[in-house]
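Please go over the structures that come below.
Two complexes are shown next, each including chain A; its partner changes from chain B in the first to chain C in the second.
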Partner chain A sequence: MVRGWLASLAAGAPPRVFLLEGADPPAPACLLGQNGAVEVVDAPRSATLLVVAGVLPDALLDAARLIHDQVGRPRCTVQWTHPRAPAPPVAAFPVTCTVTGSVDDLVASLIRLQADLVRGALTSEAPILPDVEPAPWRGVGPYGQGGTGMTGGVPYGRPLAETAADRDGLKLDQLAITVGPFFPPFPTGLALELRLQGDLVQHATVHPNPFQVRSLPSSDESGDEAERERDDPFGTALDRPVAIARLEMARARHHLLHLARTLRLHGLDALGRRAMSLRAGLRPGAVAPLCDLRQLLERTRGLAIGTTGAGHLAEATVRNRGLGPIARASGLAEDERVEDPAYTALGFVPVTHDGGDACARWRQRLAEAIQSVQLAARAGEARSGGAGRVEAPRGPLTRESSATASALVLLPSLLEGMEWGDAVATVVSLDLDLRDLPPASTASAGQPTAAVVAA
Partner chain B sequence: MAALGGALVVFLAGLVAWLGVRALGDVLAPPGTTAAERVPFTGGVPPTTHAWSRYHARYYTMALLFLAFDMEMVFMYPWAVVFVDEGIKALVEMLMFIAILLLGILYAWREGALEWA
Partner chain C sequence: MRLGLEIAVTGLILVASVYVVAVLDLVLGRLVAAAPLRLAEAVVRPVRRGALLFLQRPPRTERPDQALWILAPALLGAIAAAVLFVMPLGPTELSQSSGMRDVDAGIVYFGALMALVMVAVYLHGWAPNSLFPMVGGYRFVALALSYEMPLALVLIGAALPARSLSIGAIVDAQAGLWNLVRQPLGLPLYLVAALGLTFRGPLNVSDAADLAGGTPAESSGVALLLWALGRNAILVAAAAMGAAGFLGGWRGPALPGPVWMVAKSLALVAVLLGVSHLVGRVRLERFVIVAWAVLIPLALLDVFAAGAVALLAGRP
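What follows is the complex of A and B.
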């Protein structure tokens, strides 16, 4: 009886979802948790439902299978695919339900599935992986204890950490872990191999990019041009002119989405939801709500305290690297739009900030969002693009390069010596998207991404 | 004796409540039993080294500073008792004592002892 009563309570609670974002998701994953009907959690153990958004590349399947088995029981998987390009079934991956449609359709399905699961109307998915440890614990006692060394052997095939000199010259243990490719604060697919001492990052290496094909549609791809322009205005602007108003509104929406992600990382969920709500109702020329948000963020100081000094990039480090807002947050007025007569006719002057840290970067993006809304109102029918190079929200975009590729090169050296909290804030502040990397910089297996991107 | 009995009752009640809640939790939501569920979550890649590792507990200097100032408070109790009798002289002496300790904390601050990691 108690169990039934608890099940009915649990059935009415917002579904707890862990998100695996692949290539070409139907909508940005952030949109899922914005109205409170669904709770997007940061660890699979806290979730009941696993949502696979878009197409998972083969390189991410092993990680996805492990995460599937870590989702709390009872559990089920939902595949959320684009109505235009339904994702193929994921190999050796149980999918209870496939949703093709908008965020609202997905939320409705998730609520129904959770209720069915906890009431027992739906059977929990079985684990995918075999229930065996990677290796036995080679100790002599009944619990594996005894023998030589601190643990009396190699616990489950995992040797103890090796020692290395710390910054005080002491020989202490160095913990080697891989964070990602589905670590929620990081961009999907980004996996960092880290050596930590305490919570200090001593060494970082970026894993090869799991996304082999760039999400950007190619110029000769057939399809509805209007739909393509709406979904990916900057990719379209590489090939042909696109209305400046459309480009700038897309830029403002992108920056607000990133700001919401940053706010969530720093525990400011309510402000993050406010940013998302502003994004949903964004109109050309309506800058007052954005200025209010900026004033609120400056006044509450919560975000500024958490980001000041984190991930500082000096002017000399970012100069001429094609880093867009990252460079502008370090005081450099690098912007493709400066060269564009359509923009100069609108009186466009790049906004810049001093500081070069994570704090300067969110301030820069918010200022650019406000500027974009103003530009969109002034632009009228003016168009820009078609030159094979465009200033996208993350920075200059061409068919051969993107800002993410340039930022990834800087990442390992930037993270070294940082405390873990600052390192996460720094990665988020760079606004990376590994699906945005051009095919030329996509690393093959076993090859460090940073080296390939640098080439 | 009665007070001791009361403490024993509170202890036993706490023990029963703790065991009861644990047992109830195990019945309603059995703990993870598969190998995959025992792997710590870091984003989908299982760890290659064990998590038992020794690292520099830098905050030990903060603990020492706390102890130093805790002991300073101990000196203040007898001082407070004689303060009314001794008057301004006792006040000046205590201010000197605190000023010397304050120099210590400023030195520790400059040396980075208050940085957590």
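What follows is the complex of A and C.
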């Protein structure tokens, strides 16, 4: 009876969701948490529902299975696919329900599923992987330690920490781990091979891109042009002119979503929801709510306090690399729109910031969002594009290159020597999307480790 | 019998206040998010969320220290209960008859208990045998000394006018003038330290999103629920101490003492939660520098000033 009473109470709780975002999700998956009806959690253990948004490439399936088995029990998996491009069933991956539709449709399904799950109307999904040690016992002690080569052993497949010189010249333990490819603050698919001393990054390597197909329509792709322009205005603008108002509103929405992610990383969930809510109600020319948010952030120094000085990129480092807002946050007025007569007719002048750190980058994007909303109001019917090169929200975009590719090159050297908190803030501030990368690398994302589990 | 009553009253206050904190957190979150305020939902949601976690099965990790994993949230709750146990809700006679008791060295007792928060957080990070929780635990240890020094110093400052370490005597000494006015540095410094003590907002370095949730990253179900309750309980205990030490405790016009004490404590809880919603996590290294270069000298100044005033006031 007590259980029944608890179940009826729990059935009304907001669904606790862990997100796995693949290629071509119907919408950015983090929008799920925008109105508070769903709680998107940082770790799979505390979730009850696993949402697979879009299509998971094969290279990410091992990591996805590992995370599935860590989701709290009772649990179930929901696959969220695009109505126009339903995802194929994921191999050897239990999916209780498939939703094709908007964020609201998904939220409604999640509420229903969690209620069924806690009431016992739905059976919890069984683990996918066998409950065995990840590697054979190598030592003689109770934790796999000991025996020959005690300090260099590999208990349960995990190498023991080796010592190495730290930044102060001391010999300290060094731990080799992999973080990603589903670590929530990181862009989906990004996995970093790290050597840590404490929470100090001593060495970082980026795993190969697991997304084999770039999420951009090809120039000869058939289909509804209007729909394509609405869904991917910058990809469309590579081939033909698109209304500037549409491009700039898409840019503003992109930057606000990124700001929401940044706020969430720094523990400002409520302000993140506010940014997403502003994004949802964005209208050309209506800059007052955005200015209010900027004023609030500047007055409280709420976000600056954790981002100032993190991930500094000097002008010389970012110059002529095609890094868009990252370069502009380092004081460089690099912007494809400067060369575009349609934009110059609107009086466009690039916004820039000094500083070149994570703080300057979120300020830059928020300022650009405000500028874009103003441009959209002034643009009228003006159009831009068709030259095979466009200033996308992340920076210059062509069919052969993207800002993410340029930023990824800088990442390992940038992270080395940083504390973990700064390293994560830096990765987030670069606004990477591995699905934007040209398909240069198709290798596996690597084997997930315990760090992926925690992710 | 009497001890049982005392424990029951403390437990009741703790449970009620932990629930109120959860509701207040939701309400403030919606205000900051500029979302419509649905009070009925805010009242029910913590209960529903608690029921959901209660129904989740306990987590399993590879070779955890199961005993410590259970002990850590229990320790957090016990620390908060032990602090509230000695918090005066009214004049000495009322406090004693209502089951609360004052102790002669209340400030020392509070400081000693709050030092154990570091142990609870560290154990919570250590127990699951997982990377991110452990880093969270170590981060808290690195933070703790930096906030504990100013915390201890400003509480000594609050005790000086009373010439006593008893929390009841500190409240009594504020009959004419609150320490908030007498020692203007005291409460702001105490609140900064309280953010560290309760690992919230800018000083939530142990349970942070950059560690996939930090020390509770491997927790689910009842374990996670207890940890969340423990965090709220510590917040209540810290706010109650702030109210007693700087806002005159139960003293106030017209209304009964306990009402004032609860109102002042809730006001401080709201301030701490509000700051948590508006100010993001600081960079740990930078905070440690600020703590040693700015906060501790300011706290020393506060103590010296309070000592000088107490000496002058005590002269015939």
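Things worth noting here:
The criterion applied here is as follows: the second predicted complex is superposed on the first by the 420 of 455 C-alpha atoms of A that agree within 3 Å, B and C clash if a C-alpha of one lies under 4 Å from a C-alpha of the other, contacts with A are read in each partner's own complex, and residues count from 1 in each chain.
One rule holds for everything that comes next: a residue touches a chain if its C-beta (ideal position, glycine included) is under 8 Å from a C-beta of that chain, and two chains touch if they have at least 3 such contacts.
The structure displayed is predicted, hence computed values, not measured ones.
Looking at the shared chain after the overlay, A:Thr81 reaches neither chain B nor chain C. In the overlay built on the shared chain, the residue A:Asp168 is in contact with chain B alone; chain C does not reach it. In the superposition on chain A, A:Thr300 makes contact with chain C only, not with chain B. Of the two partner chains, chain B and chain C are each touched by A:Phe183. With both structures placed on the common chain, the touch criterion links A:Ser384 to neither chain B nor chain C.
In the superposition on chain A, A:Leu129 makes contact with chain B only, not with chain C.
When the two complexes are overlaid on their common chain A, residue A:Leu6 makes contact with chain B and with chain C alike. By the touch criterion defined above, A:Ser330 lies against neither chain B nor chain C after alignment on the C-alpha atoms of chain A. In the superposition on chain A, A:Thr352 contacts neither chain B nor chain C.
In the superposition on the C-alpha atoms of chain A, the part of chain A touched by chain B in one complex and by chain C in the other spans residues 3, 6, 43, 45, 72, 156, 175, 177, 183, 198-199, 419. Remark: chain B residues 28-29, 32-37, 39, 41-58, 116-117 touch chain A in the complex.
Here chain A touches chain B in the complex through residues 3, 6, 43-45, 60, 62-64, 66-67, 69-70, 72, 127, 129-134, 150-151, 155-156, 158-162, 166, 168, 170, 172-183, 186, 191, 197-200, 419, going by the rule given at the top.
Chain contact summary for the complex, chain C toward chain A: residues 28-30, 32-35, 44-45, 47-49, 51-57, 59, 62-63, 130-133, 135, 138-139, 201-202, 204-205, 208-213, 216-221, 224, 276-286.
Residue ranges on chain A touching chain C, taken from their complex, read 3, 6-7, 9-10, 12-14, 16, 35-36, 41-43, 45-46, 48, 72-74, 114, 118, 143, 156, 175, 177, 183-185, 198-199, 263-271, 273-274, 277, 296, 300-303, 305-307, 309-310, 419-422, 424-425, 450-451, 453-455.
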